[in-house]
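So that we are looking at the same thing, I have put the structure below in structure tokens.
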Amino acid sequence: MSATFAILATWTVLAALGAMALRKPVHAALSLVGALMGVAFTYLNLGAEFITAVQVLVYVGAVAILIVFVLQLTRGEGVEGESLAVQPASLGLGIALLVTGGLIAAVVFLPDWRAAWPEKGDVALKRLGEVLMNRYVVALEAIGLLLTIAMIGAVLIALKRPDSQPPES
Amino acid sequence: MSKPLDFDAAEQLAMATGDVEPEQLDHDAPVSLPPPGPRYEAVPRAASPAIPEPEGELLEVSVGPHHPSTHGVFRMNVVLDGEKIVQLKPVFGYLHRNHEKLGEQTTYLGNMPYTDRLDYFCSLSNNWAYALAVEKLAGLKVPERAEYIRVITAELTRLVNHSSLVGFLLHDMGTMGTPLMYAFREREKILDAFEALTGARMMCNYHRFGGCRVDLPPGWLDQVRTIVDNFPRFIDEMERLLSENEVLIARTHGVGVLPPELAVNAGVTGPSLRASGINYDLRKVDRYGIYDRFQFRVPLGEKGDVYDRYMMRILEMRESVKILQQALRDIPEGPVIDPKVRLRNFTPPVGEAYGRIEAPKGELGFYLISDGSKKPYRYRIRPPSFINLTVLEDMCRGHTLADAVIILGAVDIVLGEVDR
Amino acid sequence: MSACASSPTSGGGASGSLPSLEALRDRLLEAVPGAQIQIQPNPAVPEQSSLVVDPAHAVAVARYLRDAEDLRLDYCSNVTGVDWLDAFTEETVTRTRVVEGREVTVEETIRHRRPGYLEVVYHLYSMSLRHGPVILRQRTRNRVDDTRVASLTPVWRSAEFQEREVYDLFGVQFEGHPDLRRILMWDEFADHPMRKDYVEPDDYEYEPTPNAEILPKARRHYPLEGTA
Amino acid sequence: MNALDQLFVNLKQAIVGWFPGEWRLGVSVVISAAAIVGVYAGLFAITTWIERKGLGRIQNRPGPNRVGPFGLLQPLADGLKALIKEDIIPQRADRLVHTLAPILAVVPVILALAVIPVGRNMVAVDLQAGLIFFFAMGGVKEIAVFMAGWGSRNAYSLLGSMRAIAQMISYEMPLVLSGLVVAMAVGSLSLVDIIEAQAGYYGGVLARWHVFTPWGLAGFLLFLVAATAEANRTPFDLPEGESEIIAGHMLEYSGFKYALFFLGEYMGLFGMSGLAITLFLGGWRAPFSFLEWIPSWMWFFGKLFAFIAFFVWLRGTLPRLRADQLMEFAWKFMLPMVLLDVVALALWQYTAHWSVPLAGLWRWVLSGGLMFVAYLGLARLISPRRRVGPRTYRFAE
């Protein structure tokens, strides 16, 4: 475990804790951005430049902005003063433990995961593309389809507005 | 006797009985004011684009009084639904100095410099309007040469105002001041001429009752001729630069439409009125001064939107150049002021007069009541930009805040005149 | 003063198409029964004499003026207030009196008091027929407690801001105005500064003006901490 | 000649060579970073001067001419003024967010600049995914804009930042896609590779830049428009549109923080221009073979100055669009056009090995014709002129 990794890991965990515990929704969102950035730099540290860039582009540039937009447009200030952590705490803790345990179990027990780490820089972009477009093309397309459907659904939901408030003037 | 006063009911009663005294008004009841709301019967509110039900929370924004594009200390209390304007209330008075009260405590002549400060872009038009009202009150005649000088100065003022307005309007649309600087270059030339004539660039204080203060300095007419002859080139330049610009068209077409009926009913005057297609130019209607001697046309818009208002200014500048050329050609020699007028201790007879001219911004009127003393008993200004603001809300509703800025810009206000 | 009429500066315009003021008044009296309309002559500019209308019928009169085919006064140019203070006229009369048993002829001065009122003046023109002006006047009953007149804003939108201004500066209450608020003075301002008897408060220049005249006055109003 | 071309490369190597072996990597990084920050910051100063002087000349006035000869020291004076100005944080503002925002506005932009090659062998970091990295850093800038707008606690700031983000997201799509068209043609996301792919000359004279292909020309123009929007320049400068929302998200900033925002803006502009040069204009390559003797870095910065002049020119002449028109333009015109550009590229690549007579001409007709027809159709669809028609004005005598 290199010093760089230690710094990045601490940074990411602290930011993630902040995202959970900070009282103002916008602060929490910004803290989440910090955590995502930490993860991105971890990828960079591993030599996965493309994944780093995509992580930043998608999660920071799009998802975080989306969250921020939602907070602003729905007046997220209304729930100010309450942390965004799951209530009751035991439930959240349970889920967190479950996820962490699952991840550790996967790393430890599954044979594929114990394969040797690729050398730095070997995550060649070309290979990534080839793998995605050949071996996993069905999965990729399925994800794409899913996202498109989700988007259409979102548009439909936004269009209807059955609960629109009466106009005040 | 305790019911709130209702004139319509009183009227019906009057029709029924044929006899209703004004004494029936209830004096003791507290004055009850009707609740605010649209109670205009004559013309419906402007047919602005239909405003859908507000989709989100309404946001109240106060644009001004020190916002860069309110043209002075002017405020718009805007209620926004997203970016759409639901309500817009103009708020002013920040520059209010009770000009009319000042006027009632000063002599007739002493008021002349104050009129410069009304619409400080057009001091010479203001001078003329005031002089016209006083001349009407006292029955004074103006010598021929002075009439020509008045026309020349007033039309030059119109050029100054319209070119600056076009510049400011485009500046509001975000052109980084380029058209404004072009306009100011021309304005400087005209202000130089004003300076040569009156000694001041903006606060000219030049017209007098029965004429003008001094005769033209030597060579002045040639100076003005050069300016006037070169002016069309500036207009062409401006038009080439922006009139056909795609962005300008996108920003101004169909924005802030003012229907002609509403324009008339709301007393909108000047280029804004003519942009709505109403042919009403006091230079043609009243033919005050010697405007009946000149050949010129009154441009009329068809849609009444911001683009038409912009084009009205451009076209009016071209017509002003025509008037100027004729006036400069025909100006006779002679005295510039009626020698019988005693400006000091000027005391008009008892009575009242309302005189109005077509100032660059619209109808500028002065209403004077004389009680036979040296000061006017009542001195009232009918400011065009103040009254043109009446319909601001109607024009803006349903548009975005960015549109409101250019709609306000196209109304052409000067706060010195709005607030007085 | 008829020199004005022939002068090229005359702004009367094409007012020839309007009926004379007397004829107009008669028509209005016919059209609006019960209205009380007088002609107020204007010695300076005779064609700018005006009609004084009682507030109760002002809206009906205004509507008639706007809508009648040959009048079509669709454009209300100018709305303003005038403050007429209580006027005192002195009249000298010769009377005979019995003084100490004898009849003496004495000259006596009688003061007549005409109560003051606020007046609202409307200058009407026609844009479609290009004539005018017809001047309407409304008067309040007095200057103090009944300063109401009818608002003509429902008839002419252009009166909206101007009537607000008259309300603000003169204190005329316009019945039927859709949005009667102060317009030039700030909302908290109490008085009506255009009235003839308005006395400006002596602290209006209070702020830190180191003016020897202003400062003592300001102290009276605002006993400063430490100095009082 | 070659020495001049590689002057800076050799200089750096010489400096690095002085240090012991294990230090060399670190020193190299420091030198590269310092060079990027120094060069672009200096360029920022010059650009402000060019901009003010250029706007002045466009507007018939001299522009800055008081500080130094031709006002050349004006940027220095401005910087000094920004430094000694009072730094105000509004009372109700979120102090931390408010303070972090200007820093975050500058850092990602500098990081993005690091991947752009400025000359032969002159690139700070040659990332495999350089192109995506550049766009990713643009995404981080949005967070900075939001932080500035939200942290200031001002309605105008918030409105301005929301506008800015909406605009940046909308134009990011065509921007990224038009960049990816080039990546598809080249088969690499590395900016060095992309410049490498533009080596060689048509007929031994005209450089094989992407802009000289139909899809490249269309892509370049689309990229330019999107870059103008992304860099908040006229006519897309709504986020700080003075006449509407005063200064947008920068409203509550003063002193050096405000200057930092400006630095970020201008560096973003350099980044966009640099990327456009790299993707379509052959990077540091000369346009004609007989001009190759001019050092590569001079070509790059020459092109950059041309872009700056272009942006100044735009700023001096064009009015600003309205927010909804901006969005309409992005989604109804830019996006379809960029997607069609992908098709145009496919056509171009597919016909690369045609052996019919006049094959080059046919390729142009096919690929370019597609874009041209699409342009005509779409432009007419969204043109405001179509909706309004010409106006005629009546005149009353």
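Letters A, B, C and D name the chains as they come in the text, with residue numbers starting at 1 for each one.
Here is the rule we use: a contact is a pair of C-beta atoms (placed from the backbone, for glycine too) under 8 Å apart; a residue touches a chain by one contact, two chains touch by 3 or more.
For clarity, every value in this text was computed on a predicted model and none was experimentally measured.
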Most central chain, judged by mean Cα position vs. mean of all protein Cα atoms, is B
Higher-contact pair (C-beta pairs counted), B-C versus A-D: B-C
Using CA atom averages as chain centres, what separation in Å is found between subunit B and subunit C? 23
The distance between the C-alpha centres of subunit C and subunit D, rounded to whole Å, is 65
Separation of subunit A from subunit D, taking each centre as the mean of its C-alpha atoms, in whole Å: 29
Compute the distance, rounded to whole Å, between the mean C-alpha positions of subunit B and subunit D. 45
Specify, in ascending order, the residues of subunit D that touch 2 or more different other chains. none
In their shared complex, at which residues does subunit A touch subunit D? 26-27, 30, 33, 37, 49-50, 52-57, 60-62, 64-65, 68-69, 72, 124-126
Note which residues of subunit D are touching subunit A in the complex, please. 94, 97, 127-129, 132-133, 135-140, 142-143, 146-147, 150, 158, 162, 165, 169, 172, 187-189
Residues of subunit C touching subunit B in their complex? 1-4, 7-14, 32-36, 42-45, 48, 54-60, 66, 74-78, 80, 82, 121, 123, 127-128, 130, 133, 135, 141, 145-146, 148, 150, 153-162, 169, 173, 175-180, 182-186, 193-194, 198
Name, in rising order, each residue of subunit D that touches subunit B in their complex. 55, 58-61, 155-156, 234-235, 237-238, 241-246, 315-325, 383-385, 387-388, 391-397
Using the touch definition from the top, list the residues of subunit B that touch subunit C in their complex. 5, 7-8, 10-11, 14-15, 17-20, 22, 24-25, 27, 31, 33-34, 36-43, 92-93, 96, 98, 100-101, 132, 135-142, 147, 262, 264-268, 278, 280, 285-290, 348-356, 363, 365, 367, 369-370, 377-378, 380, 382, 386-387, 389-391, 419-420
